[in-house]
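In the two assemblies presented below, subunit A is common to both, partnered first by subunit B and then by subunit C.
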Partner chain A sequence: MDWNREVLKKYKSKIKLAMSVCARCGMCAQSCFLYMAKDKDPEYMPSYKMINSIGLIYKKKGRLNKEELEKVREIAWEKCVLCTRCYCSLGIDIPWLISLARDYCRLNGVFKTYD
Partner chain B sequence: MYELVRGPLALVSFIIFFLGIIYQVVYFFKNTTKQEPAKIYGPLPSKKEISSLYPSEDIKRLARWEGSAWSMEPVFTILTSIFHILVIITPIFLLAHNILIQESWGIFPPSFSERVSDILTITILAFGVYFLYRRLFVSKIKAITSGGDFFMFLIVFIPYLTGFLAYHQIFPYKTMIIIHMISGEIMLICIPFSKLKHMIFFFLNRFFIKSEYSFFKTGNRVWT
Partner chain C sequence: MIKVKRKPFDEILGCIEKYKNILNVGCGGCASVCLGGGQREINILNEEIKIFLNQNGIDKEIAGYTVERACNEKCFLNLEDRVKQGGYDCILTMSCSAGTQLIAEKFPLIPVFPAVNTIAIGIDRDIGLYEERCRACGDCVIGYTGGICPVTRCAKSLFNGPCGGTNKGMCEVNPNIPCAWYEIYNRLKEQNRLEDILKIHPPVEWKNQIQRTIVQYGYEERYMR
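Up next is the complex of A and B:
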């Protein structure tokens, strides 16, 4: 399946909407246990992870270079465990969007390795 | 110039604003679907079995509270709530705006006194400075801020600032009031079509989307 053509096309308007509804308020930060455990490192904020994973994929129309792909992989697996506990005051479904970023990574041959 | 900005341009911006809201509401309902209740096959578990499987309502309520912004960032939540309420009510109940409505349509909506409106405007401007400070200096906000966020800040901040300056006649009144009206009209047009659309989607998402945090548990729609 061509992710760009199939998935990105299917969810394009919803990803776009989520990106434009996000007011960059930062209220989601403390709801992420990883953010709290990593000394409040902004890179663990749910909104940061959303913007820099699926947001980046959307912005680049699915054409990511190797470096960017690796960054998205790191966010989607190493920085988010999809516990679905993040809180968005505007009601954006952040875990669903990050799971889409995981889909994108898998279909581009990048995923979590356990070695 | 004044007549153009006060008349046709104001009307156009209000029409775009309301049509934009209708468009976004229709968009929301077209892009979401009502979630059907899960199909259960086989014998249903007894009430006792269910209660042993799922957390109690008290635990769920506690988890919702603990996970919400009210519990995690109470000060900012209160401040931002006050700011958003003020941003909406101040221009609606502003005496000068309502005098214009009376001149045009002959109805005079309830208004705050000029002193109250002035205090509310100063409060809004102070909040604006506080939000700008967050964007520039608080690391978590800085990390997710882009140029567009500053642009949106200006779109909202300028109408209130120019309104304040015009009322106090700090700069030439005529110029200031025209800038105030144009910037207000730009803000109205921007609301449904820019980041400010969170004004609409805050209510749609929190009332209609099925989520742990949906208001009054009314949400029964899903995006997927």
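Up next is the complex of A and C:
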């Protein structure tokens, strides 16, 4: 499957909408237990994770270099457990977008192996 | 978390024998964490199957795809597109049984076969080493058994103390397994709360014998009208 041609094309408008709707209000932050557990480290804010994972993939039109791919992997797995509990007052489905970033990583052979 | 373990290779081959175009679906949740059915395990199994097919001159196609949570349809993402585009006539899954059933529900016209056995709800002792700790009986008693589950850890799932077969702290079923009730007694004694197991408790209803639906507190109005 060509992720860029098929998946990115299919969800392009949804990602674009999320990126433009996100007001960077930070309201989602407190709904993330990792953000709270990590002394409110801004890199754990759901909006930060969304913008720097799927947002980056979208911005780069799915053409990420190795470093960028590793950065997305780190955000999508190490900084998010996909508990799906983050809440956006504007209705952005952040977990869905992060899982889309994971899907991109997986198709590029990058994922967490847990050992 | 839920622990899964891959089925014997021959059993998996038997499931896919009649089919030509197979999609092996993994899960990025518990099955990945227990090293039983994540993307890497999908890749390994697919490679093993491909080698077997090549060696035996069998013509089949097998591909892999990993969903983030096989037990949550919202996380299926592109699975439906993949299945449609690939024209698969059979799906293998490496998620737990719950995830496999959701995939089977999603694709009612395609045969779905589990490539793993769902073993337990367990704890991680080391990488690739897990111990069962819960059988989801739906009536947790570990509050008064010192954090030791008699349902899981007693060979007879006894609720009211050890049977007559306990021998020097070990189980009569297997002398290498500690007697759960011996451990419960010792732990409660150390905590000065032996009275917890002297109280009469109502009998367990064995709620895991019927299919359950879980509605969390605060969500009753939403789902229980």
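Observations, loosely collected:
Simple rule for what comes next: the second predicted complex is superposed on the first by the 115 of 115 C-alpha atoms of A that agree within 3 Å, B and C clash if a C-alpha of one lies under 4 Å from a C-alpha of the other, contacts with A are read in each partner's own complex, and residues count from 1 in each chain.
Definition applied: a residue touches a chain if its C-beta (ideal position, glycine included) is under 8 Å from a C-beta of that chain, and two chains touch if they have at least 3 such contacts.
Not measured: the values here are computed from a predicted model.
After superposition onto subunit A, partners subunit B and subunit C are found to clash with each other. Of the two partner chains placed by the overlay, only subunit B lies in contact with A:S31; subunit C stays clear of it. Between subunit B and subunit C, B contacts the larger number of subunit A residues. Legend: residue contacts after superposition of the two complexes on their common chain; A:W96 is shown touching both subunit B and subunit C.
In the superposed model, A:Y114 makes contact with subunit C only, not with subunit B.
Using the contact criterion defined above for the overlaid structures, shared-chain residue A:R106 touches subunit C, although it does not reach subunit B. Contacts of A:Y87 after superposition on the shared chain: subunit B is touched, whereas subunit C is not.
In the superposed pair of complexes, A:P42 makes contact with subunit B only, with no contact to subunit C. Legend: residue contacts after superposition of the two complexes on their common chain; A:S13 is shown touching subunit B, with no touch to subunit C.
For subunit B, the stretch among 4-12, 40-48, 58-66 or 184-192 that collides with subunit C in the superposed model is 58-66. Within subunit A, the residues touched by subunit B in the first complex and by subunit C in the second are 96. Interface of subunit A with subunit C (complex): residues 1, 6-7, 10, 82, 84, 95-96, 99-100, 102-103, 106, 111-115.
By the touch rule above, subunit B contacts subunit A in their complex via residues 27, 31, 67-69, 72-73, 76-77, 80, 134-135, 138-146, 149, 194-195, 197-198, 201-202, 204-206, 209, 211, 213-214, 223-224. Subunit A meets subunit B in the complex at residues 13-14, 17, 20-27, 29-31, 40, 42-43, 45, 47-48, 51, 85, 87-93, 96. Those residues of subunit C lying in contact with subunit A across their complex are 28, 32-35, 38-40, 66, 68-69, 72, 74-75, 77-78, 81-82, 85, 127-128.
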